[in-house]
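Note that the chains take the letters A, B, C and D in the order they are written out, and that residue 1 is the start of every chain.
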Amino acid sequence: MEEIIKEVVIGEQEEYLINIGPQHPSTHGVLRLVVSLKGEIVKNVQPHIGYIHRGIEKMCESITYPQIIHLTDRMDYLSACINNEAVCLTVEKALEVEIPDRIKIIRTIMAELTRIQSHQLFWASYGMDLGGQTCYFYGLRDREKILDIFEETTGGRMIVSYNCPGGLMYDIHPNFQKRVKEFIKYFRSVLWEYDAILTGNVIFRERTIGIGKLSLVDAISYGITGPSGRASGFSCDIRKQEPYSAYDRVKFNEVMFKEGDTYHRYLARIEEMRESMNIIDQLIDNIPEGQYFVKMKPVIRLPEGEYFQRVETARGELDVFIISDGNKNPYRLKFRSPNFVNLGVLNHITKDFKIADLIAIAGSLDFVIPDIDR
Amino acid sequence: MDKTQLGEFVKSLKPDAIVTDGKQYTEVTVADTELHSLAKKLRESEETWFDFLVCLTGVDYGKDFGVIYHLKSTRYEHMIVLKTRTSEREKPVLNSVCDIWKGAEFHEREVYDLLGVKFNHHPDLRRLFLDSSWGFPLRKDYVDDINIVSK
Amino acid sequence: MNSIIQYFKEILQGVGSLLKGMQVTNRYFFSPGKIVTQKYPNNRKDLVMFERFKGEVVMPHNENNEHKCTGCGICEINCPNGTIEVISKTLVTEDGKKKRIIDKHIYRLGMCTFCALCVKTCPSDALAFSQEFEHAVFNRALLIKTLNKPGSQLMKGVE
Amino acid sequence: MLLSKISNALGIVSEPWWKVFYDFSSLTKGIDEGLRSSMSTFWAVTVEMVMIGVLFLLFYAAIGLFLVYAERKVCAFIQNRLGPNRIGPYGIFQTVADLIKLLFKELIPIKNADSFLFNLAPYIVIIVNFMVLAAIPFAKGLHAIDFNIGIFYVIAVSSMSVIGVLLAGWSSNSKYSLIGAMRSGAQIVSYELSIGLAIITVVILAGSMQLSEIVEAQRTGWFIFKGHVPVFIAFVIYIISGTAETNRGPFDMAEAESELTAGYHTEYSGIKFAFFYLAEYINMFIIASVASTLFLGGWMPFHVGNWEGFNRIMDFIPPFFWFIGKTFFVIYLIMLFKWTFPRLRIDQLLTLEWKYLLPINLVNVLIMAFLVLMGWHF
């Protein structure tokens, strides 16, 4: 095939280019946005990424499947548990291992707790992006309680490394159920504060309603998944569509909105916290007794072939695609990380909004930079 | 449509395509020149309506490169896998699908960045993670003496 | 007329929502009992970490300076990033048999990612996590630790 | 010799020494007469000016440092934290330590910056602060100047601080700073109007622009109680636009930490940054003290109608503490705004001013004028 590549010129001459990031309070890490401004109006946003690129996909090609777990923790560090689960599910699917209910249910509870703590941090940092700094501390205060639950059971706070191919690293701690119930009770009693401080606040509503609209067609075309996609009416919850672990036995609503603006992306996450608590409610008393792991071979070799697994992280759809050549390490391992795909839409939805809106929109897409760069 | 129906449908669109029944999804392998037209047809025909590009993966097969497209229809909830290979290793070029799925822009830039596969008609094909002085790290013959320590 | 009513309604609703938020923050200002901060270095004595907390990898020794490590190297194989290095030596026992025992179990704390694969896969449960978390040192070389204590021996009955 | 003369002059006052805390006019008068009797008028005035200058410098530093500390403690308690707690008991010397650190920090020269304006900007902000502080009546007889157009002077001078902000943003040759400065310009120019109209409401009621007379007029009751609804509305509007004028709280567009890193003072370092930082807090103090003077009775104690005993007890608290107490109450309100609300966007900020505050304010002034005309206030 012949090569037809045209050169691209970014930014017209009369526009005012500013760099937001890589060190900037509201890019939540080392994301760099080259923004062309006309006065305060954003004309073009070019994301420059790769400041924290570690080559996880390349590294995975030289390590074994159980070892991959500790790298997935470090991709989207706020959905560490779900990322682990994704790899484990892929490996188990390839080996056709039957996973007992106990493992499935514990995995689901852990995943939902992870989702809650991720959304709590979203709420916290989103408030701070918009200038309300108190939100940050209230969000973190409540998140600490989940991290404590994680620490008691897994030994890690964010980087849990809890799932492993064939089950879990450790059994749940004896206090686990009690503490989770305490947390759910506590969190239900403080969730109204989140609404009082931010959701209902007139300044917040003015700042977010109608800002950064993403239509359903664009959401699908850009592949925006997770709460951001569902705020545009894109039914993309993998937990509903291709239930894995114990999601087929719980009842929950897929939080969907039609508007697709910044406010509804925010609201989708707040509502998801409530749904996650419902899921945990249904499961926490029904953890069956049994083994917490399935005995696997000491060296895991996947049969030759291609394996694709989709899971729903706190930010959207994470796909793990393993091409195996029968060895103990994968021939090619691809992570379709939700943040990476969601970043692609930023330029499209920030056009002709103000620079303050750019921060609000970027915040509402809830980027985790290590997940973008991998 | 289920897996076999999808296979037959693709066969009717492109008789040259190799349709295999994978474990999870229907897998279709097409020539690099055919890919764009097939993808466009799959996207636009009312029976298939593959409007969601789930995942785009570049693979180094040794003598050439492959790109694997996971497509999904939000209307019919069915999935298909498209596979294609570049014709050579020295100057790997494929046609971009950015005009069909806007989300492909970042995926293709990533593949270009890590594997060096160029995409024709891509609106903004630049390196994504790495700067231009780097090689293409996901190629199997990539050597980095400093950062990769093999035991 | 309607628009005027709407205008004042907007103002009242807006002010109401602001007051609601201020009520929450004001309440927290006047309730010092809800402070969650810990005075960290001051509460060192009564600070209890969870028993499973992954502080650093240690090799527990009993009172006779004996450990359980046989020097098999499974932890070294399982470690994803070369944190552990097991240096073993061969020893001739009294009855003339050759036996491989551990010379040095080197653990590089600076590289450890606390994935727990070494602790989990160890066949003789020789490794464990300690609750120590104050790892800062002035010299990077101090982060390379030898886990088996000098003069320690293999515990009896562990193969 | 000088001291004995002053003490002689003070000796004229045949009241116990502690009475001075209730009325500073005899003290200041005594000092003035003592100085004048011992030297020529020129030197007497010069010495007085130096004394007042030194006093204000000390006061400025003390109140600035205290407010920084207070803000950190207040926000910490709001956010379920402890706040500074290491240096000194409850961390009270934390801000002093910070100041010492800032003093020793390098003043980074900026390439291609207009160095003259860049260095001038913080001083403009500071000087404006001093000029406003001069007119504020801290207690009876305790003010540097008592203009007959006092409040007019306060509005006029305080709006000059925007020049410092604009110069800082423009001269530092940074894009963030420039955007911050331009926002600040638009903001202060429009909120000046609201502040002016809110103050005019009170001036109509008091019938004077002299600050001491405005306070005196509230002897029978603070304006916020005396002036029906219009003064209350004016108070709310004054607090809102005052917060906006200090570039604080939900109106900190010029700094907009999450958008413009630090806005107009992004490029400043060391003590020049500290000047901006302190100026923000002194501005807040000024806004709060003017609010307490105009609406909450200044240094007047709280009296309830015929409760003789209660009023006596209230009188017993020196006026200075009344003033400081009211000021800190307003400061707490302003801090609560900052730590509760998200930031507005620049166009919403202007909408709030031109669509809501200004029309309400105009109607409010009319109603007030009508009420005063008919004599329908207490």
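What we mean here is this: a contact is a pair of C-beta atoms (placed from the backbone, for glycine too) under 8 Å apart; a residue touches a chain by one contact, two chains touch by 3 or more.
Predicted, not measured: the structure shown is a model, and the values here were computed from it.
Engineer: Across the interfaces C-D and A-B, which one involves more C-beta pairs in contact?
Structural biologist: A-B is joined by more C-beta pairs in contact.
Engineer: By Cα centroids, which chain is closest to the centre of the whole protein?
Structural biologist: Per-chain C-alpha centroids ranked by distance to the global centroid put A first.
Engineer: Return the distance between the CA-based centres of subunit C and subunit D, expressed in whole Å.
Structural biologist: The mean C-alpha positions of subunit C and subunit D differ by 51 Å.
Engineer: Roughly how far is subunit B from subunit C, centre to centre by C-alpha average, rounded to an integer in Å?
Structural biologist: 42
Engineer: Please compute the C-alpha centroid of subunit A, do the same for subunit B, then give the distance between them in whole Å.
Structural biologist: Roughly 24 Å, centre to centre.
Engineer: Would you kindly tell me how far, in whole Å, the mean C-alpha position of subunit D lies from that of subunit A?
Structural biologist: So the centre of subunit A lies 47 Å away from the centre of subunit D.
Engineer: Give me the residues of subunit A that touch two or more other chains.
Structural biologist: In subunit A, 134, 141, 197-198, 201, 203 touch at least two other chains.
Engineer: Going through subunit D residue by residue, note those that touch at least 2 other chains and give them in order.
Structural biologist: As it turns out, subunit D has residues touching two or more other chains at 78-81, 339-341.
Engineer: Do you know which subunit C residues sit against two or more other chains?
Structural biologist: 18, 21, 24-25, 36
Engineer: Go ahead and list every pair of chains that touch.
Structural biologist: In this structure, the chains touch in these pairs: A-B, A-C, A-D, C-D.
Engineer: In the complex, go through subunit A and note every residue touching subunit D.
Structural biologist: For this pair, the touching residues of subunit A are 16, 18, 24-26, 40, 127-134, 136-138, 141, 197-198, 201, 203-204, 206-207, 354-357, 359.
Engineer: Which positions of subunit D touch subunit A when the two form their complex?
Structural biologist: Touching subunit A: residues 75, 78-81, 175-176, 179, 250, 252, 256-259, 261, 339-348 of subunit D.
Engineer: Report the residues of subunit C in contact with subunit A in the complex, numbered from low to high.
Structural biologist: Residues 13-15, 17-18, 20-21, 23-25, 36, 50, 52-54, 78, 80, 113-117, 120, 129.
Engineer: Which residues of subunit C touch subunit D in the complex?
Structural biologist: Counting only subunit C, the residues touching subunit D are 11, 18, 21-22, 24-26, 28-29, 32, 34-37, 39.
Engineer: Write out the stretch or stretches of subunit A touching subunit B in their complex.
Structural biologist: 1-5, 8, 49-50, 53, 55, 57-58, 62, 218, 220-224, 234-236, 241, 305-308, 310, 317, 319, 321, 323, 331-332, 334, 336, 340-341, 343-345, 348, 373
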